[in-house]
């Protein structure tokens, strides 16, 4: 399976053109849109979102990932293998958290270049063909990386910020619920929120946090929209109140 | 064919994770997004939308449906067979209209439980695997339902409300055009609208209603947006003026 | 490969219903969403967008295209073959630029009619079945066109307007960069913008134009949104300052 994780959107041409590269190369491999609305141009918060969702997928999955404010710039094109899942994309920190949490991780520079490489769409021209080759079982077409230009050792293990707002207005944090004390409260936007098991445990309009279905601490309002009702946005700090 | 009818959105992780469950289980079965923007948390109006669109699909289609304000709560997980189409989802009324209009309908409680069932994402963990099993021809993994906790006998046969606003701003009602007098007018938001055959029969900016391509009475403005131009929203009452 | 180019959106029922027609007819042919957010009801600017993106696809690709303000009206349903790519959709000018730029182009009226043809959804009922037949190698089911009701000879070869705003807020023009002097500036919304190679060549918040990955002159703001920061919209005029 090839899984797409990008800030490209689905309606416009970018996701479609990547799929038009993938399908003829690996006609029998399903291509799944996981996130097409990762935080735009923000590989730092995207790295925590990707790490939380990637571990749900089986070994052998290939993640084609593009969140890249420096498109056309000098960040290295990268392949990562972490706990038997593959990641292809820009070496701008996007795979930092995946690697740090993995029991085993390896990195390769991508040596291969396509006949035509546009300056602004490496997702289509460079990363998609590599993802297809990995999905059909080819070895990584590159050399093991020897410097750490793609790593971000200064980023924290858990990110105390909002990293994503979903279709319902729920706000995911970069904190894994399992890393928090079981009775921790989360303070955000002037409110202090207690933990609940799930939505139906609370009255309508109640704000709370809970462990979402991929393990992140997520802020929600029962039958409301947390983003609007509490005034939340991506990058907003969240404080753990133990 | 497996058809998705949800309020999950497409950009975020929910639709993609359901497809990541479906594809490996039934690699040769196409999965089609019908609605990913069903009215959020509103199974009542969604039930009329689903019923109008489901009948267009061939016998054997499996509808994987999630519109579920009580996620994590006590509503029964449900399988419905109605006129040889299958429906899987929460027993919160979402399948009320489909069943009521069917010549033949049966219901099963879902007995099967996955190894890991999250509190908040039954679409991925419970309903998607069941939909895949039905799509490959397995019998329903459950027992015939014996109570009516999932039924809503008090809901009307036709719903005189706006149930959906499409990408063009057209507002679908829960009324089937065939159930209305041929010269019926529809009163909505202080306006009374006559029927037209289609857009091109009217001058630009004219407001009207017509029978849409799935049989619903739909309110539109030629070369305009009915939602914005008339001030319409989901749940707004519509009155039939005969 | 069948490629969709529409103003239908993805979330609602229209794209899904077209795919539900296509998949059973040609189960082994991938269907790719290229644009689902073409300029609504505007075949003129859409024609330049389509022409720029279609040439990236291989020979044999079938484009199923619907941008159709006159739905239900008298414009002829059309098949075009241009440089070994197929186009199916309304004869309202949408294929004008594709044909004009092609070395070889032919046109057919669509004679075939489905058993049930809705007044408002020819994409599903008429154009999708034709696209599937072309994708499986059938000859065009119609007669060569003998009048020019579908052509728009008065439209320019390059369109000096904004034709699309993407997920990042970048504004594509209807001008091909290769048709402009290499040192051309573009004047838009009271600003005059110089050319750059790509985003990373400029400081944050700088506005510029560049040749995008499909050859169009595109207006962007590094790490910003050109649509919001400069006040741009589809149809806004752009002036070439040589």
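The chains carry the letters A, B and C, assigned in the order they are written, with residues numbered from 1 in each.
Quick note on the criterion: a residue touches a chain if its C-beta (ideal position, glycine included) is under 8 Å from a C-beta of that chain, and two chains touch if they have at least 3 such contacts.
As the structure is a computational prediction, the values presented were derived from the model and not from experiment.
Taking CA atoms, the transformation carrying chain B onto chain C includes a rotation by 120°, reported to the nearest 5.
At the interface between chain A and chain C, two copies of one sequence, fewer than half of the residue numbers in use appear on both sides, so the contact is built from largely different positions. One inter-chain figure worth recording: chain A and chain C are separated by 31 Å, centre to centre, where each centre is the mean of the chain's CA atoms. For chain A, residues that reach two or more other chains under the stated contact definition are 9-10. The part of chain A that touches chain B in the complex is made up of residues 1, 3, 9-10, 28, 30, 32-37, 53, 56-58, 164, 166-168, 197-201, 210, 212-214, 223. Chain contact summary for the complex, chain B toward chain A: residues 7-17, 19-20, 23-24, 27, 40-41, 69-74, 118-121, 124-125.
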